[in-house]
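Note that the chains are named A, B and C in the order they appear, and that numbering of residues resets to 1 at the start of each chain.
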Amino acid sequence: MEPLLKVEGLEKRFREGATTIHAVNGVSFEIHPGEAVGLVGESGCGKTTVARCIMRLTQSSAGRILFDGQDLLPLRGSTLRRQRRGFQMVFQDPSASLNPRFTARRTLSEPVVLHGIARGSAAEQLVREMLGKVNLSGDYLPRYPHQLSGGQKQRVGIARSLITEPKFVVLDEPTSSLDMSVRIYVIDLLRRLQQSLGVAYLFISHDLSTVRFLCDRVMVMYLGRIVEMGPTAEVFAHPRHVYTQALLSAIPIADPAARRERLLLKGETPSPRELKPGCGLQDRCPFVKPECLRPVPFYELGGGHRVACVLARDGGTKRD
Amino acid sequence: MNAPGAVLDIRDLTLSFATSKGPVTILEGVSLSVGGNEIVGLVGESGSGKTVTALATMGFLPPAARIESGQIDFEGADLLSLDEQSMRAIRGRRIAMVFQSARGALNPLMRIGDQLARVYQIQRAMPQRQAYREAVDMLRRVGIADAERRVRAYPHQISGGMAQRVLLAMMIACSPALLIADEPTTGLDVTIQAQMFDLLKDIQAQTRASVLLITHDLGVVAETCRRIVVMYAGQVMETGDCLSIFAQPRHPYTQHLLSSVMRVDRPVVAPPVGGPPSEALVYAARGCRFAHRCPIAIDVCRREALPRISAGPGHDVMCHRVGEGYGAAAES
Amino acid sequence: MRLLGLVIRAQREIVPSSERARRSGVGTVRKRRLLASGLVVAAIVLGAAALGPLVVPYGPVAADPELKLIAPSLSHPLGTDTFGRDILSRVVHGARLDLGIALSVVALALVLGSAIGTLSGFYGGWVDALVMRVTDVLFAFPSFILALAIAAILGNSIPNVIIAIAVAYIPYFVRLTRAEVLAAREMEYADAARTVGNPGWRIMYVHLLPNCLTPALVQATLCLGWAILDVSGLAFLGLGIRPPTPEWGVLVSEGAQNIISGQWWTSLFPGAVIVVAALGFNLIGDGLRDFTAREER
């Protein structure tokens, strides 16, 4: 099947005075129609930058982003705006991502009208239907964001992203600002919507347990590069990159009886200013070898599981 | 619960806030205790009153707050009856508090070494040079590598994780008997968070201090705390030791909470249905504040004050239904 | 949610309870009284402008040489001037003029200034640099001198005076709006507006600007006070409105020559009215600024 989204060699560099920050350093991946893919990593790994590049909110420095076969990066102006109908985004902070002066009705009908999908009462009808899909009644239409709870605001944000019937939605930490019991409610809603509407997700999060719940595949990022990717259950059960292992072992498990082996990395994440060739973990990895200082290729482990770690060499075939 | 030998014993604390819509009872009959040499987790979602409880203990309540009843016993004195002068003597020296935003708690204009040294100068009347040496030493103890050099940094030059360590260092500089940590790792990466909690456990083991750890993260509680206090909407729902509560949560709210947790290491069970509570309803209610969402609530739950039912040694459940044998479903 | 807000605020301002009770409460009462006085003055001025001409006994230029230079009395509470015109009536007629011009000035400056400021803040780059340098130049001059120079260049008519003073105020609105927009464009709703398909101009003027107007509106009330002073000042110097139109500044200049001969009322009362009116609007502006600033805390 042709991938819906194909990212090739994406790079993003920021200039800060004399130094260059390599926020995204050669990221490539594919997302197929109807698939939910998670992108995880800690702060500064570049996952939000990847999202912003795909959504054309930030200018990329290099690479290609093919959506439905068409490269998004050279698009401008009204051509780009027309394409936006097909790929949408849900933002992290529901209080900041809704215009405080727009009622829910206005927030939701704007994309419908902008893309010429419907006007007047037909638009109103669409808006009501969409609101119903996120379990909000029509009573919420005249409400302003400050009259809604966190979970309700985020549901409006989700409705806004789906109302133009996009094929692909980027979700940037959509539940990080929400309370625990609201969080699972919203994630469950996202899963049901995905299944009923057949939309593909790129789900960005630092919270691996929500990714486990929602995503079929997962990609782990560190210092601007993807270090491991594959089916979620497989990667979480058998992480092959040292960073993935450290990440998973650091997550506290809500079970006091569970025995944990913690893999600790030395020190802290280096700043993306001090970029060295080779694996980004070289200064912190307890198993570092000389080969790690040179660019590390992906090794295929079968079943779509691939990892950029020399330690995996012994368990799979090398792939450039 | 009158807990003999408890370092901190909050008894039946009820406090209200004056709002434009009239007084609202934020905390109702809150009782919890922290014993010597243990870490107790205070768990609840936002709005559960856990931070207000901590602020009441420290004497940091806003002027709109009114203590209706209750006591906070600490080292033989009722903190609520002390004047500002006496509280100042206790704060920092006997009780310390670590807040959520570490960088916000540090003075941006002073180097971190100087800030830490000042704590020693003020609280322990140390001469400047000695205080500075102690500061460097303490920073090393909290795991800041290359302490002699880092000590000259300003708060904006260090990472969030490091700032949190500096704050921790400042708080334990005087070996307080009680350390209150309010969501100390919010916003920090999970690997840094793991380091922080390992550090906290180490420090607690070394100093044998009592720690009240406030958090909404049940994973953190499971790995760090010996006992838990579960709060909802200003009331304590269940208290007990970690192992038994996780294995056999008796209160319907605790069960709900535990079933909402998503875990990395196992596939997921279908989540509970039902949206978040309506706050207007909650704060206006008498009786149990979880009643409006509780699957097994009956009339008496809404009418009468919460009972305290013992479900085992050190395990109390504040639920009318528990006595009858309901709410015993195990969730693991 | 508000209760949570209270708790959160309690966390941010870690000051012991007793101390806080002492601090708050004292300053606010005085501030409210000042704001109230400002509103009263403004109401009087507006009332005079709207209804005054219908109520006062004399027309704006009704002269009676027999009654010239009479001191304040019952039939002429503010006295009469050199031509025997009732000063009270003239002052009331003048209110409409001064207020009307001042409002036009502020409206023009607000609309143009905020539009340019939004553009500048949103696009940044060379557009922003250019706008900033131009506003820097305009700021270098005291606003009255600037207005004077521009009015002198453009020519002596009421529309030109309006433009001249507005140009002196535009930089304030540009700067204020630009600052707000710089912050607002980093907000996620600005990103959302883009991802949803809004073109640049809609993001600027439909999404961002309405959320960025508060400081500009506060500034507008302050500018209203200044505008009254500037309009009268220019008229006093002979620019803009000329005698016999009863504008306040004109009244002051007409009456100025009588001070030496002892007829102080011809100049003093119009002057006092200018001061009080300007002060009134200034107090409103200050009060608004305090009010909006306090909410943001």
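Throughout what follows, a residue touches a chain if its C-beta (ideal position, glycine included) is under 8 Å from a C-beta of that chain, and two chains touch if they have at least 3 such contacts.
On a predicted model such as this, the values are computed, not experimentally measured, just so you know.
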If you average the Cα atoms per chain, which one ends up farthest from chain A?
C
Which two chains does the highest number of contacting C-beta pairs join?
A-B
In whole angstrom, how far does the Cα centroid of chain A sit from the Cα centroid of chain C?
50
State, to the nearest whole Å, the distance from the C-alpha centre of chain B to the C-alpha centre of chain C.
52
Indicate the whole-number Å distance between the mean C-alpha point of chain A and the mean C-alpha point of chain B.
32
Taking each residue of chain B in turn, which ones touch at least two of the other chains?
46
Residue ranges of chain C touching at least 2 other chains are 1
So which stretches of chain A touch two or more other chains?
149
So in the complex, the part of chain A that touches chain C is made up of which residues?
55, 57, 77-78, 81-82, 84-85, 88-89, 91-93, 96-101, 110-111, 114-115, 149, 157, 160
Okay, in this complex, where on chain C does chain A touch?
1, 187-189, 191-199, 207, 210-211
Please give the residue numbers of chain B that touch chain A in the complex, ascending.
45-46, 145, 159, 161-162, 189-195, 197-198, 216-224, 242-243, 246-247, 256-258, 260-265, 267-268, 271-272, 274-276, 332
State the interface residues of chain A toward chain B in the complex, per the touch definition above.
42-43, 135, 149, 151, 179-185, 187-188, 206, 208-210, 212-213, 233, 236, 246-258, 260, 262, 264-265, 267-269
